[in-house]
Structure formats: structure tokens, C-alpha cells
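Same chain, two partners: chain A is paired with chain B first, then with chain C.
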Partner chain A sequence: MIKLLITPSEKASSSFLNAVKNSSRKNTLCVLCSKSLLLIETKVKDACKGKTCSFIDTVSESKEQNVVYIPPANLTALSIAINQTQQSFKDKSTIIFDSISGLAVRNNPNTLIKFLLFLIKKSTDWGSDLILILPEKTMPEDFIATLSSSVDKVEKRK
Partner chain B sequence: MSFFNRHKSKKSKDKKKKISKSSIKQIKKQREPIKKIINRTKHKEGNSSEWVKTGIPGMDELFEKGIPKGISTLIAGGAGSGKTIMCLQILHNAAMKGEKGIYISLEESEDRLRKHMDDFGWKAEELEKKGLIKIQRFKPFAISRQVEALLSKERGELKMNLSQLGDLIPKSFKPKWVIIDSLTALSSAFKDDEMSYRIYVEQLFRYLEGLGANSFLISETDQIPIIFSKTGVEEFLADGVIVLYNIRNRNVRENAIEVLKLRGAKHEKKIVAMQITDKGIVVYPDQEVYSEFGEGK
Partner chain C sequence: MKNKKKNLNEKGKVKCIIPQITVVAGIVFLLHVLFISFGFFGLNKNLFGNLFIALISFLAFLSMFCLYKKFPHNFPMERKAKLFLLISTFLFFLGDFIWFAEEVFLQEIILLGGWPDLCWTLGYLALIISTQFFIKIEFRESKILLGILIFVAIILGGLFLYFDITANLSQGNLSFGSLIQDLYPIYDLVLFAMIIYLLWPLIITRNSYFLGWFWLGFGVLTRLAYDIIFVMLNKKSLYYTGHPIDLLYDLFYIFIILNSLHKSNLLGSQGIKKI
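And then the complex of A and B:
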């Protein structure tokens, strides 16, 4: 299932934590684009209880073992890192982006949409669930329209 | 969409990114003196029945069967694009299969190259002791002086033969793999006499063809090149051209690779991601590159 979750900006963080907590798969890959793991570590570890969580942090570097830092401007490296983490999981997984607009700061919307469409295709091939959290009013309408047409489900949180 | 099409489509949007008239003029000017060489060059025809693999993770997937055995391939790219590492890795991988290789350096010292290999865990000295690899440095100015002297003796006729210059490779060593790093350093030594350089390079390619070894010749270019060698004759004489990119995207750089041509072999025609890791180069044949090619140099 590929889901776009549009949420009010102030609820993006809680939406992310809920998504981690409620993901049905044991293996979860969290891609952090708006807040570094250092800031939300306790809450996220709580949400990860009983799961195997890996992290890709695009905000700041971390010394933790299951965290990889990728600069947000390097979408190719991010894509490779997601692929590699995915391959390291033995079973199917859930990939959750805390805020895709966090990547828009360093990448233009066209490049970002190209990256996301590639990731959607890959996730489908892997049989993974993909949850893309988008704080509302942070991206142009045509970006949201293109992305909405490529996912299985669009959910708007109030 | 290929880089070139992408580049083409960007042209209309951004005049700054057009291939300038002066660049076209430069390419035309570059090609003019090599017409003679082009006319008398015969390339191997047909498909090879024997193929070799580089052993670089992901790279061989860019070729349908492999690289045709015994051809010369130009490795073109800008600074930091991974040309030297790629060639050292190919040499190491071949040595691990018991195949001999030689690295002819016209720039870096033998010790620096050994250190490069050691940095990736490729144990250069051990392989040298086993007689599997040889790293040999030549001074490009010594070569250019010799060539110019020979050519002036022959009154500028194209009679020079590489055997007159002494062997680049010791007679007792029969390598299956030859690396020349770099043609750019060599051409710089011929700075006042491009014609002599072209003649030498043509002879060099013939020499390598005669050896029957798998040859890789490094050419330093712009980060996003529109020409892949100093004079243009190199990319014509080579049977294959592999381009390595080091593209800037805002504050980071990404590496990418493209097989531009490979005579007699089918290959991928797209630019894909590549990374220089602490174990050497890794190519990701399915990974598209997101950096914009027009953006940085």
C-alpha cells in the first residue's frame, strides 16, 4: 500500500509517530527529513517497540548504529540507502517519510517528484508499504496532484 | 531521457546552458586535423566472441555480455570522478583471478598509486611480489621529446613506430590488462606540437591493439564533458568510451557513469548512479541520477 498522508503542519510529527506505531510490518524504515532523530529519539523509540526500526536521517548526523546520515540534496544517495536498507530486511517492510517537504528545501519540486515516483515504483516491486507524510500547504498544487495520482490512497488528516 | 536529450530540452529554457557557438567551433577545429587518421583507421569489425568483466560491483550489468576482449576503452571524466580508482580496481580484480596487469602512470608516482590501492585494501605490494601487477611511471616530457626528435628525423612524415621509442611494457611481462593514466598528461607534454601528439596516440592505440590486452586509457575532461579527450582523436581511436561524472547538486556532489560507446557490444544507454565507497567503486545499474546535469561544473 502506497499512502500519501496530508496533515496540518503542527500534526506532522504526531502523524509520523502514529504511522510508525501502527505499521503492521515488523521491519520499519523511517526517513527523517524535518526533525533529526536526536530531537525525537525517546518518542520514536517508544513507537518502535516490538519492531525492527532503521533510520535514515537527512537532518543531522548521528553515531547510533542503525542510523545512516544522507545529505538532503543527494537524492540519489538517499535512494541507494533506502534500497540497501530494504535489502537488509529479511521480510517485507514499511517505509515512512516524516515530511517529504523537508526534502524540498534542497531540491526542486520536479526533481523531488522524480525521486518519489521512482521510490513508489520500487516499493511496489519490493511489496513494501510506503507512507509519505506531507504537511499541508508546503508544496505546490501540481506537485500534490501528480503525487496523489501515483499513490494507492490519499488520506487527509484534520 | 538521456543526458543529451535532457541537455537539448534544457537549451530552450536556459540560454546560458546552450552549447555555445565557440564550443561547436572548438569541436570542429578539433576534428579537422584528425580526418587523415580517421580515414586510414580500420576498426575491428563484427561482434566479439570473447568477453571480459571488470569485476566492479554493478558495472558489468551495464554490458549485455561484457567488454569485448582485447579492446581499448577510454575512461573519461573530470577531477574526482573516480577514473584512477576504477582502473586500479579493474587491475586488482583481474589480479585476483590470476590475470596480469600493468598500470602505466604519466602523472602520479608509483608509491602514491600503491597507497591508493592499499587505502581500499587491495594490497599492491603483495600483488607486485606475486608478479600479477606492475606499476610503472613514465615522464610524459621524455616521451614527447623522443617523439619530436624521431618525427623531425623523418621530416614530419607519419613514419614513426612506437617500437622505436622503447617498450612501455617490459618484454618479460605479458599483461592481459593495461592502464594508461593519463592521455591528458601526455598531451600536455606536447603542448606546442599537437600533430606529433596525434601521431603518437595513433601509434599507441595500434601498439595496444597488437598486445591484445584489455586496455583502459584515462582522459581528464570537464565534469560534464561535451568532448571526451584533448584532441578528439583518442575517442575516435578507442573502441569504447566510458564517461564518469562528478555532478554538483547545490552543496553536494554525486557520481554517475555512462557507457557512451562500445564497438561490437550491446550496452545500457543511460546515465546511472555510482558511488566511491571505502571498498572501491560500486555502480547501481538501476538507479537513476537526480542531479541536474546542467547545474554544476
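And then the complex of A and C:
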């Protein structure tokens, strides 16, 4: 299931934690684009209880073992890190982006949409669930329209 | 009943023996180093010199076979890439084995451009196709850089080919076999360019993901060095089985085995590991 979750900006963080907590798969890969793991570590660890969580942090480096830092402008490295983490999981997994607009700071919307469409195709191949959280009014309308037409489900939170 | 079923399932699985293959390959390589350094197998240089190479190339093929069997089915592109890598290691092994059989059992003088060269050339082709599939796995906004790198590789390889053909022509040594030999450095350079392209985005990130490509990149570099030195030595009729450059040839396979070991360790490791 590929899901786009459009949420008010102030609720993006709680939506992300809920998505981690409620993900049906045991293995979860969290891609952090707006807040570093250092800032939300306790909350995320709570949400990850009983699951195997791995993290890709695009905000800052961490000393934790299950975290890798990928600069947000390096979408190729990000695609490889996501791919390799999927391979490392024994079962199928859920990939959750805490805020896709966080990547837009260092990438133009055209590149970002290409990257997300690439990732949607790959997630379908891998049989993984993909949840993309998008804070409201952070991306142009045509970006949202293109993305909405490529996912299985669009959910708007109020 | 349940236990029986469990046992059957376990039996059906391919046992991964890549760590053991790596250890055996390390021992064979060490023996080859000792053989070349001290010549303690002086009884038959051709037999042992070729045997070590054929053994290591077989171990590289075996490690790739184990990895391919272990690789999950929900990664179709990666499986295609791994399949071509497996075909490539098989063809390299076949080339080495034919060389070994011709030189040791048939005691024939091996002509360049024969069956082993056909196997190695096809092996290179499979390796290039495999690398192309690996490139498709990554997200790339544009492939201009790859085009530039391959262009530079072909120019450099072309220059090598040009100077070698001119030298061969002036000495009256130009043959089909020498031409086939001269093409190997071009394949190596093209492969190296493709691996640099694959590796580049990962070099700046401090995680273990780049290690597999790092090993394969090193492997191709050693093969490139071997191919260039071999062409030069062979031209002066200075190459013989058991020559120290055979160790470079071994290293190509050793690095392929290390690549499979790294990948095998990654599968099922449940998450990201730092290095």
C-alpha cells in the first residue's frame, strides 16, 4: 500500500509517530527529513516498541548503530540506502517519510517528484508499504496532484 | 508432523557457505603466494600455477551461486544483476579451466584468441550487463556523468589499443589473438568507469553499503593492472605460468568473493550497520 498523508504542518510530527506505531509490518524504515533522530529519539523509540526500526537521517549525523546519515541533496545515496535496508530485512517492511517537503529544501520539486515516483515503483516491486507524510501548503499544487495520482491512497488529516 | 515439516523446509533451503568459501579462497591464495615466492611445488609449475587460479575462480563462481540462491525474489532488478554476475563468474571460471586443461592435460601451447579468450570476453560482456542492471537500481536524475566516464574510458582504452597495434604492426606481430588481448584493458576501463559511477554517491556517506562496490571496484582495478602487464609481458615472451602477476589475477576473484561475503552478511542483518 502506497499512501500519501497530507497533514497540517504542526501535526506532521505526531502523524509520523502514529504511522510508525500503527504500521502493520514488523520491520519499519523511518526516513527523517524534517527532524533529526536526536530530537525525537525517545518518542520514536516508544513508537517502535515491538518492531525492528532502522533510520535514515537526512538532518544530522547520529552515533546510534541503526542510523545512517545521508545528505538530503544526495537522492541517489538515499535510494541506495533505502534499497539496501530493504534487503537487510528478513520480511517485508514499511517505509515512512516523516516529511517529504524536508527534501525539497535541497532539491527542486521536479527532481523530488522523479525520486518519489522512482521510490513508489520500487516499493511496489519490493512489496513494501510506503507512507509519505506531506505537511500542508509546503509544496506546489501540481506536485501534490502528480504525487496523488501515483499513490494507492491519499489521506487528509485535519 | 510439524517437526517433520520444519526439517523439510530447512532441507529445502540452500545453506549459505560464503564465509567458508572466503576462508578456503584465502588459504588457496596464501599457498599461491608461497608457491610463487619459494617455488616449493617445483615438481610441476604448470600444474600448480594453473590449479590455484582455476580453484580460486571456481570459488568465486561458487560464492556468487550461493549469493544468487540466497537473494530474495522481491528484488527483480537486483536478481537480474546478480544472475549476470553469476554467468560472468562462471564464464571466467570456464576460461581458466579450459586454459588449465589445455596446458596441463593436453600439454598444448595455448594460442591467444582461442576458447579461453572467448569465455573471458563473454564473461566481460556479462559483467558489463550486470553492472548496467546495478546502475538501474539507483535513482539517477541524469546519466550524463556515466556517458562522460565511459567516453573517457573508451578513449584511454583506445589509445592503449592504438599504440599496441602500431607497435605490433611495426614488429610484424599483429594477430587476431593479440587484438583480442588488447581489448581486455578497454573492458576493464569501461567496467571501472561504471563502478566509479555506482560508487561515487556512496563514498561521502559513512555506512557499510559502499563496501560491496568498493571490493568489486578494487577487483576490476587489479584485473586492469593484470591485463595491461600481461599484454606487455606476453609481447616480450616474458610471461610464464607461475609468474608473480598471477597473484593480481587471483586478487580479482578474491575481491569478487569479498563482495559476495559483504552482500551475504547484509541480507537478513535486520537494518543498517555503520562501519
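Keep this in mind: the second predicted complex is superposed on the first by the 158 of 158 C-alpha atoms of A that agree within 3 Å, B and C clash if a C-alpha of one lies under 4 Å from a C-alpha of the other, contacts with A are read in each partner's own complex, and residues count from 1 in each chain.
To be clear about the criterion, a residue touches a chain if its C-beta (ideal position, glycine included) is under 8 Å from a C-beta of that chain, and two chains touch if they have at least 3 such contacts.
As the structure is a computational prediction, the values presented were derived from the model and not from experiment.
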item: Touching partner for A:Asn22 - first (chain B), second (chain C), both, neither; value: neither
item: Which superposed partner A:Ser14 touches (first chain B, second chain C, both, neither); value: neither
item: Chain A: partner with more touched residues, chain B or chain C; value: C
item: Partner chain(s) touched by A:Asn74 [first = chain B, second = chain C, both, neither]; value: both
item: Which of chain B and chain C A:Phe118 touches, first, second, both or neither; value: both
item: Touched partner set for A:Arg106, first chain B, second chain C, both or neither; value: first
item: Chain B versus chain C as contact partner of A:Thr52, first or second or both or neither; value: second
item: Touched partner set for A:Asn66, first chain B, second chain C, both or neither; value: second
item: Contacts on chain A seen with chain B and repeated with chain C across the two complexes; value: 71, 74-77, 79-80, 83, 111, 114-115, 118
item: Contact footprint of chain A on chain C as seen in their complex; value: 72, 74-78, 137-141, 201-202, 204-207, 209, 266-274
item: Residue ranges of chain A in contact with chain B within the complex; value: 71, 73-77, 79-80, 83, 106-107, 111, 114-115, 118
item: Touch list for chain A against partner chain C, complex; value: 27, 52-56, 65-71, 74-81, 83-90, 92, 111, 114-115, 118-119, 125-127
item: Chain B to chain A touching residues, read off their complex; value: 249-252, 254, 256, 273, 275, 284, 287-292
